[in-house]
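Paired with chain B in one complex and with chain C in the other, chain A is shared by the two complexes that follow.
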Partner chain A sequence: MLSQKAKIMKRLKLLALAITLLIISIIMIYPLSWTLITAFKTNRELFLDPWGLPSNPTFENFIKAVDRGNMGQAMINSLIVSLSSIFIISIIAPMAAYATSRIDFKFKGAVTNLLIAGFFIAPHAVLVPLLILLRDMGLVDTLLGLILSHVGWHLPFAILFMKAFFVSIPSSLQDSARVDGLSYYSMYRKIMLPLALPTILTVAIIMFISVWNNFLFAFIFLRSPSNFTVPINLLNFTTGRYGNDYVAQSAAVLISAIPTIVLYLLFAERIRKGVAFMAFGR
Partner chain B sequence: MTQVQLEKVCKYFGETKAVDNVDLLVNDGEFMVLLGPSGCGKTTTLRLIAGLEKPTSGLILFDGEPVNELEPKDRRVAMVFQDYALYPHMKVFDNMALSLQVRGMPREEIRRRVLETAELLGIKHLLERKPGQLSGGEQQRVALGRAIVREPSVFLMDEPLSNLDAALRARMRGELKKLHERLKTTTIYVTHDQVEAMVMASRIAVMRNGRIQQIGSPQEIYSRPANRFVAEFVGSPKMNIFDAVVVTDDKNLKITTGAFDIDIPASMAQRILDRVLDREVMIGIRPEDIEVSTTYKEGYIEAEIYLVENIGNLSFITFEVDDVLIVAQAPPSFELGAKDKAYFRMSTAKLHIFDKKTEELII
Partner chain C sequence: MHVSLQNRGYCHLKRSSLNEKYKQRTAIFFPSKSLKNFLDSQAGLILTLPALAFVTIFVFYPLAQMFYLSLFRWNFVSPNMVFVGIEHYARMFLNDPVYLRSLVNVVLLAAQSSAIQIPIGVALATIIIRYRRIGGLFWAIIFLPYVISSVAVSLIWTWMYNPYFGSINVFLHAIGLGFLARPWLGDISTALIAIFGTVNWIYIGLTTTMTIATLKSIPPSIFESARIDGLSGFQEFRKITLPLLKELIVVLMIIDIAGAFQFFDLIWVMTQGGPSDSTHVTTTWLYRAAFRSSEPGYGAAIGVTIFIFSFVIVQLLIKITRSRLTR
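Let's turn to the complex of A and B:
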């Protein structure tokens, strides 16, 4: 009798879980699907029937977004900023992580803590000093300034992530390399770096998505529309000339999401593992 | 060919003393085994010799020259690690060749040496594979090959067989011994496995709590252990040890445990009398030095059997006398079982007498 009751309770719990997940999924998917549908409509169609499917799907909006909404230039800018940032991060982060995990040197603890402290600072706290720094260096409204800011901002996370990897490499491997006569640099280049490549790739993907989607730094540090990256360029469609052009705006949003969606489709497993690694350390 | 010497070597990790005042001389071409339980400092001692750790105090000498400040590569040592530490992304050939490349050896010479070593170890067919594609035994050979190919002055081995299964371990034990006989390179080998130590060593240094307890040939360590720890650590089943007092009864000298007495023959009496009379001691005797009988014989002690363990070629009989458990060795044909009565006699010539306080060997 009791087990019967327990069974019913278990099923009820599963049902409640399924309903909750369904509601969350709808909340997540609804705006996306609305954007997708809207991107293929005309403005007139949108106002007549906001929820309906496009009667005559058109690519007009995408062309408009790229041609007149500066989305093409913004995509190129975003690619330059994202790829350059992750390139620099991918070179510096593994080195810093290796050194602070595997080499004994003076003030190692202090250096490590300083590197990682950056992880816990809110971006708003550094905006003003960073802006002043970039201004003094003549890098405001340049892609280079934005790239350097992203590198600095994302390094703590990348180092922390890479450290978890280097710590997991058995110390005997390093001992063995030392006995083989390798210097610290050759040890890094010949042994550690090849082993770290898959982890570096994971970090690079996560960093790419983060840099690509970053709005705040680009919004504060960039001024000229020709330098705009995708997230701030989308503002073009909410104010001014295209302020009411919801269909073009939807097309632009979809375009902006393409690289991250492609990246996710290609590396879903790696990203999923990386996120689990961040949460659980393994 | 190198002689390795440690003089009053200490190593602290913070407050912990891992190696405590170790003096050790490993002769040219010798196979020295550092034996001890985990955490006894044997691996740290090996790492000190390798140059992977720096001693807190003391001197490490190779052929009489201090090497304390030398990096591992400059000591010309080769080390085999417990987990083999093969570079997972490199082929076996590159694993073996790396140290030679670092030394700037010509490619042809590297190739010749690697092939020669691979031939010696029977791993020539594995050269193009990566470590992940090899079995444990094959990885072990590659690790060994990587050490041999460098023609080092000293081999350092840190429990290299402990990750293998029992059968392979026994085989590799023999092969390592053969290899040493052939290469005659000074070898320092760390293990917690006393069988490995007994089989392979020219000499054994038994360690405990960072200190060396005894250094000697396997036979010396087994038959004349310097203290209770060595006596119990070496030998399986371990030596029987129990508290006793040596007393005189008229003319006869006896060792009494409270549960039973052991008569000392006149030939040994004087030697024992001088050193241990009325002192609290511990008596040690190995299972094979206790004779077992199913029937009463002169001088045998009657006792109840607690446990019989037949391992095929031998039986180990555990007797319970009062609260003392005594293990004796018997032929596999021994028929009695638990709760039965049987008789045993200790061979007095094979008794070891330890001081109860210091646990050092007296006789």
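Let's turn to the complex of A and C:
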């Protein structure tokens, strides 16, 4: 009797759990799927029946978003900025991380602190002097200015992340290579870099998503629509002449999210692991 | 060059003697050994130099200039900057109700993030770990919003809150609670709460993920022995998981505080600080002051306070909690 009661209780508990998870999943998925459906509707349909399915689904909204919403150009700009930034970071960050965790040198402690401190500083605080700096360098409203700023502000996290990896490599490996006559440079190139490649890939993916999604710097530094990256172009599209064209905006939002969602589907594990590191980095 | 991956028993040697050995070996191969040796002896600095250059130019130089600029009245273009001392700081705390309101909003944001996301995140993390198969899919779903740009997310939620076709009002009407329907982001009493809802929707997956990473670092043997001892799921959570989570919870709260001071995109896209400046956070107010009202000096002064609140206080918190937790 009693055990049967316990069994039923257990079943009920599991059922309650399943329902809770289902409700949370719906809350998480619903806004995204609503946007997906809306992107195939007309504005008339949207206002008459916000929950209705499109009676005659077309790609017209997507074409409009690319054509008149400048989304195509913005995607190209974002790709240039993101790829250039992660390329520079992927070369510089592992070098610095390796040096600060595996080589003894003067002022190592101070240098390490300088390299990492940026992770704890809000870039928002320095927007004014940063804009003045870019203006003095003649880099306002250029993709180059955006790329360099992104590199500077993303390096601290990348270095912190890579350091955790280099510290975990046994020092005997380095010592034996040293005795074999390798300089620090060739040791880095021939031993450390190949070992670090998976970690570099993780950093590059996380940095790509972060740079791709970054709104703040583009919002402050870019002026002409031909230079806009995706997030600022999105905002420009939704507040401009097409401010009431919600279905075309939905299509633009979907287009903007495709690259990062694809990356997430491909590298979910890596991305979550890398992002979870932020908690340990502090 | 052949490199042995095994420990060859040189471990007992000091690093400096290893460097000596390296120099002897390389001397045979490189005639210009002095340059080679010099470069190698400076390897640490040389390898960090590019990163150091970037960080110095784009992080620390602007940071230093921020303090300087905050003491001047100026308008970006005119050549003469007027020294005003601490006038900007005095104005901020004595004569700028919106700035003070924005500070309150930042505190509210950090407090509600901690109060809502941490308990739910911890609960979801334990569920995901316990029911692995269904948990994996669930984890993938709740983390998804985090990889979408904040601008896209803000637009989507602006539509959710739209008074005419927004799903929330449509839903309220559908279940007979139509009297609750309102322009969520345009109503001064609900705008901030509506933004908080979106914040939690984005970050719940991140909090859960960080918690899972922490829980997975706990050796599973502890849970096994607990189960053998007959602890129920809840007891297991309270007796084992929660104490181990203590440090993580502190870390998450610190992240929430620092994050609240770095909050910009969502509020700028959803409300631009309105209605009636009620949803400003310090960053949006900085933007308005510096770039819309063309007062870069005042913007820099607000930046100084953001830096002090988010960096200095957070570093202190980390120090205090570390020493307390490791005692």
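Descriptive notes on the structure:
Keep in mind that, in the parts below, the second predicted complex is superposed on the first by the 251 of 282 C-alpha atoms of A that agree within 3 Å, B and C clash if a C-alpha of one lies under 4 Å from a C-alpha of the other, contacts with A are read in each partner's own complex, and residues count from 1 in each chain.
We take it that a contact is a pair of C-beta atoms (placed from the backbone, for glycine too) under 8 Å apart; a residue touches a chain by one contact, two chains touch by 3 or more.
In this text the structure is predicted, and so the values were computed from the model without any measurement.
Of the two partner chains placed by superposition, only chain C is touched by A:L130; chain B is not.
When both complexes are overlaid on chain A, the residue A:L46 reaches chain C alone and has no touch with chain B. Set against each other, chain B and chain C touch different numbers of residues in chain A, with C touching more. In the superposition on chain A, A:F62 contacts neither chain B nor chain C.
After overlaying the two complexes on the shared chain, residue contacts for A:F165 are found with neither chain B nor chain C. Contact with neither chain B nor chain C is seen for A:F217 once the two complexes are overlaid on the shared chain. Judged by the touch definition given at the top, the superposed model places A:R178 against both chain B and chain C.
Using the contact criterion defined above for the overlaid structures, shared-chain residue A:L195 touches chain B, although it does not reach chain C.
Once the two complexes are overlaid on the shared chain, A:F157 sits clear of chain B and of chain C alike.
When the two complexes are superposed on chain A, the residues of chain A that touch both chain B and chain C are 170, 172-173, 175-182, 186, 190-191.
Contact residues on chain B toward chain A in their complex (touch as defined above): 47, 50, 52, 71-73, 77-79, 81-83, 85-89, 98-99, 102-103. On the side of chain C, the complex with chain A involves touching residues 1-8, 10-11, 13, 15, 18-19, 21-22, 25-26, 29, 36, 39-40, 42-48, 50-52, 54-63, 65-66, 69, 76, 124, 127, 131, 134, 138-152, 155-157, 159-160, 164-167, 170, 201, 205-206, 209-210, 212-214, 248, 251-252, 254-255, 258, 261-262, 264-265, 268-269, 283, 286-287, 290-291, 296, 299-300, 303-304, 306-307, 310-311, 314-315, 318.
Residue ranges of chain A in contact with chain B, taken from their complex: 170, 172-173, 175-182, 186, 190-191, 194-195. Contacts from chain A toward chain C in the complex involve residues 17-18, 21, 24-25, 27-32, 34-35, 38, 46-47, 50-51, 91-93, 95-96, 98-100, 103-108, 111, 114-115, 117-118, 120-130, 132-133, 148-149, 151-153, 155-156, 159, 170, 172-173, 175-186, 188, 190-191, 209, 212-213, 215-216, 219-220, 230-232, 234-235, 238, 246, 249-250, 253, 256-257, 260-261, 263-264, 268, 271-273, 275-280, 282.
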